[in-house]
Amino acid sequence: MTDLAGIYLSIISYVNLPPADPLGYPVPAWILLNLSFLTLTWHLLAMNFTIGGAAILLFTLVRKNSDYRGIRHFFGSGLPLGVSYIITLGIPPLLFVQVLYGQLFYSSSILVGSFWIQVIPALIIAYSGFYYHKFKRQERPRWQWQIIVVSLILLLYIGYIYVNNLTLSMLPEKWLPIYSDNPAGGVLHHGEPTVIPRFLLFLSGAFAVAGMALIWRGTFLLRWGYQDEGRRSHSFGFKAFLLTPMIWLIAAGGIYGARPEDVAMMFAASNTTTTLLITGIISGLMAGIFAFVSLNKKKLIYPFVASWGIFGAMASMVIFRDLVRQTVLSPYFKISSIPVNAQWGMFAIFMVSLVIGLVLLIVLSVKVFPRMAEMARERFDGTI
Amino acid sequence: MADSSNTDGSKRRFLWILGGLGFGWLSAGIYPVYKYLSPQAIPDPFGEDGRALVERVTSAEVIKPGMGKNGAYGGHGLIVFRNQNGILKAFDSKCTHAGCNVEFQRDKIFCHCHGGTYNLEGKNIAGPPPRPLTELGVLEEDGLLYVYRLGKKKGDEVRA
Amino acid sequence: MNYPVWDIPFLGNGLIVAIIAIIHILISHLAIGGGAFLFVAELWSNRQSNGGKIREWLHDYATYFLVYTTVFGAVTGVGIWFAIQLANAEATSLLIHQFVFAWATEWVMFLAELTILYLYYYGWRKNSRSIQTFLAGAYFVISWFSLFIINGILTFMLTPGSWSLAKPDIFAGFFNPGFLPSLLIRSLFMFLLGGLFSLIIASRVSEDDFREKIINFSVKWVIPAAIFIPFLLLWYWSTLPENTVTLVKEGIRGIGGGRLEAITRYFWLAITSGVLIVIGTAIVAIRPKVVSIAGMIGLFMIAQFGVMGAEFFREMARKPYVIYDVLYSNSLWKQNSLNTDYMKTPYLEKAAWEPGIEPLSREHGEWLFRLQCASCHTRNGYRSIVSRTENWSGEFGYRWFLTMHESGVMPPFQGDDYDRAALSAYLVSLNGGFITADEILKKVEPEQSPADTLSLGEMSSGEKQP
Amino acid sequence: MTYYSILPDAESRLHDHSKLFGKVSRYILRRYPVWPMIDHLANKVVPVHKHSVWYNIGGIALFFFSVQIITGVLLMIYYRPGLPWDSIQRIVMEVPFGNMIRSIHHWSANLMVFTLFVHMFSTFFMKAYRRPREFTWLVGAVLMGMTLIFGFSGYLLPWDDLSFFATRVGMSEIEKAPLIGMWLADIVRGGSDVTIDTIGRFYVLHVMVLPLLTLAAIGVHLFFIQVQGVSEPDSFASLPESRKRYRKYFTEFIFAEIPVWLFLGVLLVALSAAFPRELMPEADPFSSAPEGIKPEWYFLAQYQLLKFFPGKLEMVGLILLLLLPLGILVVPFIDRAIPANSRGRLVNRIGIIALLGLIVYTLWGWLS
């Protein structure tokens, strides 16, 4: 430990970390952390649904197999919503990370500024691409898959920029040279070996989530009595699901290969990390098993459990990620070191509005969804 | 018949004459307007002693080799400079390409408008200019500079 | 000061914020006004004989509304946030830490309004009339509350009222003097946008009478703004810092070396657009039959220019602060600026983000420019420093930095004589001049020599004697 | 005293007696029975087809021209041809909103030239110049030419070093014209060089001669159009009468365009807010020329082309330059077939080449 501390001191001597914001934390850090964990998990679910969905949609567009018409339509009309929830659910985690790790996050964002701002135009183009596909699919069948390719690539590009920025925000010792070489923030990927595997790790869930969506769809179709389409949806969804563990293994292996001793240190440092890893893997397996079980069944409980499995896996990954960050940053920055000037009043307003909002949405959805289901059913009567 | 055609012919002839006369008178009437618009002849910049005072440049400002400046003489622009051999040189500053004013730059004469370049002898060496600059004779008298048209008898006398 | 400055050549980080903001403000207000329009139109259609037809048209409206607001509105909204992080991290950090839960609450509104909009749009054919009307209404109310929240934060930046770093009372900052007039102006403006947007959709209707019916309904949405905004503007005007007011008034005759001052130009742009929107709508109201798509898009784009004017005005009204009387545009805290020792210490000692350059070199000046000026000025692009320092001499700059704060639009200079000399030399060099910091210091040497000051002292004392 | 009676069919189309508008129109029409004209104008129609949008461009140009008149008159109030630079300086620095008026004048001028180019090429590609509209086209061409002279003469008036040397260069191009070149240049400049005398001439040209001529020409141009009606492209003319759709010229077509004009008005204010016209240092005929002397963008193409013909070859360049206006003048008389025949299509291709050439050279000159 001591020798480590020595190293840290030597690092600190030339790391320039901006001071924390004068106002401090508005509520105790653990609240902020948990809020960010929850919302970030939501965000990742939406993100994975969209990216996985886009990939599957692309597949079905290229393979002009008429069996896929249903699936094509499902994602064709679903992806715009996916993007819009990526954005909306992406706001709170970004908000809380700026409260918790502001001085780190802002600095690294500026150091990659010219890319960070590209997220916006890229997102607009990708989003419009999905809407174009949704509205113009019937009229102009040409240029469909090319457009989806563009949108998909742009989404991946955005994800890559995010991983870059947030990785860089954990490595203050790299900042000053980067900035003095490039004050316009025009350099990405500063030879940090873990960037690519981390990127893959976030994407690994894509096929699981998109596949799960298909399994849900299949289950409903079976309940409405569309055997073929339902089974097709199930089997396709499950196949997609199976891609996830492979990608995950590659990513995890990549990270270990890049920084074996750090990873070892992580697990040595605390058994929370180990517990988290195990929870994650278990819930992942649970998701897989129940996804398999729900094949060709009308029961809603199986996909329900499977979905929670996915949620658990994602959540534990998110928390694990934050533990990594805190450990890596510990020499420069400790959350505990930041004062708390509580704004309980404002916090209460937020919590109340959050509860009211969620309740309202659930009530309304319960009222409206059956009608949407009717529409879906009619579409199938008209054979899509 | 014949009469009528004849009268027609005479009438036509008459009209022609009238027209011609009218045009003559018209042009005569327009002449003053034309003269009014056309520029008055600019007086010769060089006085009867064949030389013109250089404004905006004193000999002090071109005392050392490599010094040079834009100036004016009798309503025209010019550049005066002293070349490396210490000889005073003067050129009308109007670029022979598009009439911008050239600039003296130590080793060459340059025109910013289209990048025309002349050597220190006023010869056009690069860029669009078709002709060399018109050189002027230059001489100093108690701190003042005068220029004169080269190859002029009077000028030579003055120099002597 | 504490953060690196995102030094974007030619554009400058401020302009990038402005561009995104100008696009976003129009759409975000439309996103609320259009909601109101959908809600009222639902009610209206219920009472009309050809209600079904109206709702068919309304679906057309909703489609364009949905795509336009969700794709461009939502994304540019996040875009502003991204841009201000890069343009002024210090201010963003302060705002976030003060208003994080206000923003979080606004996010709840986003989540709700978005979901409700989708339920409304995708349930169009199946939902009962009552549900549809309710959804539209809910959408409008909730989205208006998101405006309510962000409006508090935006007006806080220009008129923080009794809020202070020492006593950061969030509610004092939120319900600041500018809050109410601004909120009302924005509310009326968003109704207006809802109407103008409807004119565009209406102009695509081929059947004359029906188009006329829709247009007569739509033009009414401009009336409230046309009547009340002038008075609200006066109210808003009265809440502005007086430095801003003088800037605008002086601008009419062109302060600061001539040129109608930018803030005044943009102010008049906003006013002109308002006037022309009213005139244009009046013409449409007189001749509803003859609207053309091009014309109606033109009318809508006038509003876009109005937003451009208003937004640039709002940005420049804060000069030289980013958060009025708290934080200067170049991330210098007001409280630090009052501390002379802090201001006079050599800048390189304070600057965290300079790569250890040697004093009085050209880099010295360059990095001073980057860290102290580049947050507002580019070298030769937007707010070009080159054009502003064209005929500067090294000494002039050296002296001017001491007094630039008195112009009322510039923050005070941080650093010692060496810094001033280095920066001045750098600016001269940008204009193609050649002078080093040392030369400047030598030239100004005599003025500062103790002998001088002594003689001055004698003179003054001499005057004192009877 | 006798009143003319109002024709019964006309009576039927008037507002009713009670309305003020109706009263006034009756009062006037009794004294000035201009019904034939009103009828004629009221029956004017514009064909509706996928190219109809191009019919609006002329009106837009007219809008910019009226802005020019208003702002121009306002500028004249403070401008002094005797003290050109100082008076502009005063407008910019001291006169309230002076710089905004000036900037709007500047921007409106540029947009007007641009609009006229669009107008000209759209009429060209719609082949509206063919019989019986040859002279409408020729008058239009004259208007185009006069507008360019407007730009050239107005550019000198501020008398800052940029405009001074740019004009000097421009005049030297005129000098190179065969035979009359020197003589013409001297008449225009009022001397062998650009001096304060030149201002006198350009000023009168810019604020007196050209405006009168232009107004007259515009009058003729519009009169022709009113007499002949708007031209119909072949694709439309070939339609069966039943499928042809029209809009009323005044009550519908013009009305529909007004919001666009309002938008352009705001565009002008926005442009002059974002990019106000700068005033360079006062012109000094004797100092060396500043860098970056360039003519206004609408002369850049010619300017760029001439760069390729240095020295002796310059004549070739000038002749090449004359081809475009020449072509514009003769095209109505060489391409007359309706519907277009092979020659007509050839003319179109040439037109496309000319347009591309214009764009390419302008961009090139702008970037170089």
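Each chain carries a letter (A, B, C and D) given by its place in the written order, and its residues are counted from 1.
FYI, a contact is a pair of C-beta atoms (placed from the backbone, for glycine too) under 8 Å apart; a residue touches a chain by one contact, two chains touch by 3 or more.
Quick caveat: nothing in here was measured; it's all calculated off a predicted structure.
Path length between subunit A and subunit B in the touching-chain graph (shortest route): 3.
Across the structure, the highest number of inter-chain C-beta contacts is found for A-C.
Using the mean of the Cα atoms as each chain's centre, the chain most removed from subunit D is A. Measuring from the averaged C-alpha position of subunit B to that of subunit C gives a distance of 56 Å.
Separating the centre of subunit A from that of subunit C, both taken as means of CA atoms, is a distance of 32 Å. Per-chain CA centroids place subunit B at a distance of 35 Å from subunit D.
Listed for subunit B are no residues, as none touches two or more other chains.
Across the whole structure, chains are in contact as follows: A-C, B-D, C-D. Only residues 2-9, 13, 16, 20, 63, 67, 70-72, 74-76, 78-79, 81-83, 85-86, 89, 92-94, 96-98, 100-105, 107-112, 114-116, 118-119, 122-123, 125-127, 131, 135, 138, 165, 168, 170-171, 352-355, 370 of subunit C touch subunit A when the two sit together in their complex. Contact residues of subunit A toward subunit C in the complex are 16, 18-19, 21-27, 35, 80-81, 84-85, 87-92, 94-96, 98-99, 102-103, 106-107, 109-111, 113-114, 116-117, 119-120, 123-124, 127-128, 131, 135, 175-177, 179-180, 183-185, 341, 343, 345-347, 349-350, 353-354, 357, 360-361, 364-365, 367-368, 371-372, 374-375. Taken together, the subunit D residues at the contact with subunit C in this complex read 53, 56, 89, 92-100, 251-252, 255-260, 262-267, 269-270, 272-273, 276, 279. Partner subunit D is touched in their complex by these residues of subunit C: 252-254, 258-260, 262, 265-266, 268-269, 272-273, 276, 279-280, 283-284, 287, 289-292, 294-296, 298-299, 301-302, 305-306, 308-309, 312. Subunit B makes touch with subunit D in their complex at residues 37-40, 42, 55-56, 70-72, 76-79, 93, 95, 97-103, 111-114, 128, 130.
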